[in-house]
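There's a structure below that I have some questions on.
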Amino acid sequence: MVTGNGEAGNKYNRNDDVKAGSESRAPVGRRRFLQAAGAGTAVALAGCSGGGGGDDGPVTLGAAYILSGFASLYGEEAERGIEFAQSEINDNGGIDGREVEVLTRDTEASGDTAIQQIRSLVQEDNVDGLFGLDSSGVAQAVAPQISQLQIPFMITHAATPFVTSPQGEHEDSVGNEYVFRDSNSLAQDIYGAARVAEELDATEWATIGPDYAFGYETWDYFQAYCDGLGVDAEFTAEQFPALATSDYTPFISSILDADPDAVLTPLWGADLTTFVGQAEDAGWFDQIDHTLFSVGMGTDLPSDGSPLPEGEYASTRYDPFVPDTETNNSFREAYYEEYGTLPTYNAEGAYRALHLYKEAIESAGGTDPSALVDEFTGMEHSGPVGEYQFSETNQATVASIWGTVTYDDEWGSNVLDPVDRYDAGPDVLSEALGDSDLPTGI
Amino acid sequence: MTTVLKTEDLRKRFGELTAVDDVSIEIDDDKITSIIGPNGAGKTTFYNLLTGVLQPTSGSIWLRSEGGGELADVTDAEPHEVAQAGLSRSYQITNIFEGLTVRENVRVARISHEGTRLDFRSRATADESVEADIEELLDLTGLTDIADTPCDTLSHGEKRTVEIALALAIEPNVFLLDEPTAGMNPTEVTEIVSLIRELDADLDATFVVTEHNMDVVTDISDRIVVLAEGAILADGSPEDVLTDERVTEAYLGSDSV
Amino acid sequence: MSATDTGGRVSRFGSAVAEGWTRERFGLIGALVLVLVAFAPPFQVYLFTDFLVVALFALGFNLLYGYTGLLSFGHGLFYAGGAYGIAIVLRDLGPVIADVVGAGISPLVTFLVGGVVGLVLVVAVAVPVGWLSVRLEEIYFALITLAFGMLGYSLIIQDPAGLTNGTDGVIVLLGTVDLGGVSLRVGGRRIYYAISAVTVVAATYGVWRVVNSPFGTVCKAIRESPDRAVALGIDVGHHRWMTFIVSAAVVGVAGVLRAGLASVASPGLTHWSTSAIAVIATVIGGATYFYGPIVGAFIFLYIRWAISRFPALEAYWELFFGALLIAVVLFFKQGAVGGLMLIRDRLVGDDADEPSDDDARTTDGDGS
Amino acid sequence: MSLSSLVPLIGISDVVIGLSLGSRLFLIAVGLSLIFGVLGVLNFAHGGFYMLGAYVTLAVVSNVVDNFWVAAVVGALAVGVVGAAIEFSAIRRLYERADSDLDQLIVTFGFVLVIHETVRFVWGSGSYSIDPPDVFNFSVTFGGSTFNAYRLALIGLAVAVLVGLWLFITRTYFGSLVRGTSSDREMAAMLGVDVPRLYTGVFFLGSVLAGLGGALSAPLQSTSPALGDQVIIDAFIVVVIGGLGSMSGAFVGAMLIGMMQSLGPQFISAGSIAIPFLAMVIVLLIRPEGLFGGIGE
């Protein structure tokens, strides 16, 4: 039985013969098709780039997510958040009376593809603004292009700190005035991981992460924070398997041989699902005291069999229960009613991006790109995730959220309980990084 | 009379089988020599040894280089080096550049002969003397009328003629013709035989022929060498050889299988 | 060359254009299209640049496949070689070059230096790789080139030398040329298109010359019958090696252009699935024709784009090309160019003297 | 630096994992090698067949019968039918061509794309995994390391396939026809062997083996559309090292690569994924017929 719906329950009751990493759904497929076909005609008539349609036509936004391959569920979750925000906005008078349309494109896990898609959105479909991105590697390749295309880009997921670290600050920095991020960055998230490490009775640490920017940066920042915070930690083993590896066993075995006390893993998407199943077979969770999943709650979809084992630590970029505000609670309830699952952070990030555009466009009185950039710069905003402001580097000053994975019967889903929020503003991070040359990205 | 090609105790073994068994032979430039023998006598292996495609187990091969120099040892030479040294061949199963036209076929051979194989800057057709040579060769072999026809549309007899034109284009000292009349109808056979006679008269090349068609063999040969089970069975003028009892026996013996 | 000589050439060209569907008329139309594209909407300029780069990639690949009969599944290695060569120069030497020549012109100089370095790198890799690979034929050649390509892929990913930045690849920033108040962004759509178009046209002309040279004529003979070529005194192994190097160099130029276009040199360029793009374009276009890979690349890029206009279909574009590839190999190996020739023969009649064919005989006219 | 502590000793678990990875590779490679040995076709789509076998098995288990073994057999046979259909409708047309080897490679590459996209269309682009069959779904602890008993079972299954195939080829009438045809096709045809039918039969058998490999490996890996592209390259490495056309060679080659994959992450930090390709290049240059046994079984 393929577990493809909400009643599947916790994976750790693995009675099911098959557990699905993700399953292709296309809740907005038809609508996307119609929009894109319409946009094609518009381009043929308009013929040249710039500004987008007139002030009476719809506001068109371009979204770029991973919609196929090992991490397609992130794109699918983002699509839900987009759909949800879109109908919310359009049902309530749109943006200054204009409908909002979103064209969603698949970046795959490839910088090359993402750049091509983004160019097509800007130059072919004349979108007014862009948002999205799941992969850090992709984001690092895309950011310099954004400044050339001179159009605002609201990153909602990809976590590398280097896209909000101004070019020149560090050799990998590619931040610029057009690139923003409304969710927390790896620098913020891993600060929380180091705070968790502070509390744990574990000295030998290892990592198993994907073989690209994100995997390496996570480990670099973790080590830097541990040094900076004076955590008593040794770093004993590291493995970086390629993306979309189908069998992690040799890597798991290698980590187990090193026998660390705790492991920080930024594996994500179907890779994480695969890893957790194989790690369990190898006795990982009996042998290793603590495993910290830095991207776990984005993969931990109730509908797909909830891969994370209870009792381990995980972080999230948004928690459906914290903060306990009216905004968050009503968002959670309405979302749950619509889709039958709790909102993941990727859905929330995309949802909020649309609202950010609404606010900026209404305040600027139009969709002029440089006016939008001015609006976003230093903007104060609040949403389900709470109240925050964009920092000098265009990074949202959201908290780092870490908690213990607990299965919740009421929601039929893993949640973080207890959960801690660590303030992760510029000063905190820069102090915690100590002597390291890594940028805070905030 | 000059010896242009010589083998000394040439031997080739494939495992337990000795395909060519101590063959020593001298080919002279004033005769058309035919090498005949029943199937499996080792003719093809012998040709492959001469042209460098196969390496002999023992023995040596000597070839007189272009312009009448000394005999040179080509036993260990690569096939293309043997060809460059002046030994050219035609194939029993037609082997030409099917996708090219007749003229292009000949041009390839001339380019190879002129040594401009690695010239990638000039046009292939730019060298007027080469082009003139090509025309002359086409004329000599009677191919002028079909010069611009792609070879894959030619008749069998025309292809056999292209094969000969190709082999001649590198101006060989020795020209091995491997069953030139294979698969031809009687008219084509007559034409090719007269072409070979003409070429032998007009050119300096020494012709060595293998052939199954005994009429052709008696018609064109000045000398016949009979191979059987890899060794020389008989060697001499057509009259002597064809009346030799051992030869008849070898042929009948094989045919009766 | 005297003035009258030039005038004679011009008038000869003019009459050739007027005469009918001659090479000259096709050339003139092609040049017009290249100029007009520069004024198209930016995305169309981008797409056309992409087509030119893929066309050059396939053209280089086909020098080996179509002209000597060796099917490489590893030409992505040279595509990546060109791309990484320029990307690393831009990243590591850009500032040095700016110091030497001044910031205003340095992006252009760096681009040129990077291009040359990329090309040299590709040739340096192709010399040993080609020497080893051409010892094998047919399936074994396909396998060893695939292995070399994937070996390159592994090394780029694992980055033992600390040059390639692993899976993420090297970001390519072309910069802005600033001369006396006029500033031009090298990576700007139209400027980069101009650079690419000039490069691709020049490289294509170069390949065309090679194909029609004595060297290229011998290549075609080797494709038709290697052992026959040997019997004519041609060192087939050596010739294939030389062809391999020339082919790799052409692909390397395409790789240099790819880096600037994609703005990133990524390891995927040397994966076998990238090498397969050249195979697809060439087979669909028609491997036995000089223009086959170019037409194939055009079909590949534009059909893919057309499919991408319908997101419901977009995910399945490979299905279309898979089916097309199978159909072409099974039923019509002449490919698209072969099909166009058939149509032209039907329309014009058989008396037209094959003006757009690739073969050496088409150049007979300009000998005098 | 903590690298010194990264170097452990080779444990029992490393060996078991290496052999189980090798078993999986063997199941992928053996059919590829068989088809090449008899038909001379290098089937690029073989990885796609393997992936298809895994998907069909998953689909049967979840929708039809809740029995892994039945599903695996259904998966293998379904892939066999697909393979035979491809041979019959497409590859067969190419045997007589002058450059048939390369045309076959390109056509089977076309099927790589078709199979990949069809699988995505039917099952989506996400990944699935499946629990091992109940009989073997328990943990074994051995010298301090733990692994699923199905790993051991898979090694046994691979050996069983090797032995079964060997018996089939050497002891049955069909097997003798296969051997005869692979060594001399013309001779076999003259002796009255229906070569086209035999070819379809062998392609069917090779495809069944690919499908079976995918089915049996499904509990130890995640199944996604990218799987086919990944394994075909591994399979190429294995058959080249073992010798194209050699089944025992495929076994030895697979075990070598399996051990390399198992130990690689521990001993070689950089360059480990490059080593199999380097080995492939070296074998092709020095001993293109493979390290073990010539053409044959």
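Per-chain residue numbering starts at 1, and chain names A, B, C and D are given in the order in which the chains are listed.
Operating definition for what follows: a contact is a pair of C-beta atoms (placed from the backbone, for glycine too) under 8 Å apart; a residue touches a chain by one contact, two chains touch by 3 or more.
Fair warning: this is a prediction, and the values are worked out from it, not measured in the lab.
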item: Labels of chains that are neighbours to chain B and to chain D; value: C
item: Pair with more cross-chain C-beta pairs in contact, given B-C and A-C; value: B-C
item: Most centrally placed chain, judged by C-alpha centres; value: C
item: Farthest chain relative to chain B (centres taken as mean CA coordinates); value: A
item: Cα-centroid distance, chain A relative to chain B, in whole angstrom; value: 75
item: Whole-Å gap between the CA centroids of chain A and chain C; value: 39
item: Rounded Å distance, chain C centre to chain D centre (Cα mean); value: 35
item: Touching two or more other chains - residue numbers and ranges from chain C; value: 157, 315
item: Touching two or more other chains - residue numbers and ranges from chain A; value: 67-68, 242
item: Residues of chain B touching at least two other chains; value: none
item: Chains that touch, pairwise; value: A-C, A-D, B-C, C-D
item: Chain D to chain A touching residues, read off their complex; value: 2, 5-6, 8, 11, 13-14, 17-18, 20-21, 24, 58, 61-63, 66, 68, 120, 123-131, 139, 141, 145-148, 220-224, 226-227, 230, 261-266, 273
item: Contacting residues of chain C [partner chain B, same complex]; value: 209-210, 212-218, 220-221, 223-225, 227-236, 239, 242, 246, 288, 359-361, 363-364, 367
item: Complex interface listing, chain A residues touching chain D; value: 1-2, 14, 16-25, 67-70, 72-73, 234-237, 239, 241-242, 244, 246-247, 249-251, 253-254, 256-258, 270, 273-274, 277-278, 281-283, 286-287
item: Chain B - residues contacting chain C, complex; value: 51, 53, 78-81, 83-84, 88-89, 91, 95-101, 103-105, 107-109, 111-114, 116-126, 128, 148, 166-167, 169-170
item: Interface residues, chain A side, partner chain C - complex; value: 29-30, 32-33, 36-37, 40, 43, 47-49, 67-68, 104-106, 110-112, 115-116, 119-120, 123-124, 137, 140-141, 144-145, 148, 174, 211-213, 216, 242-243
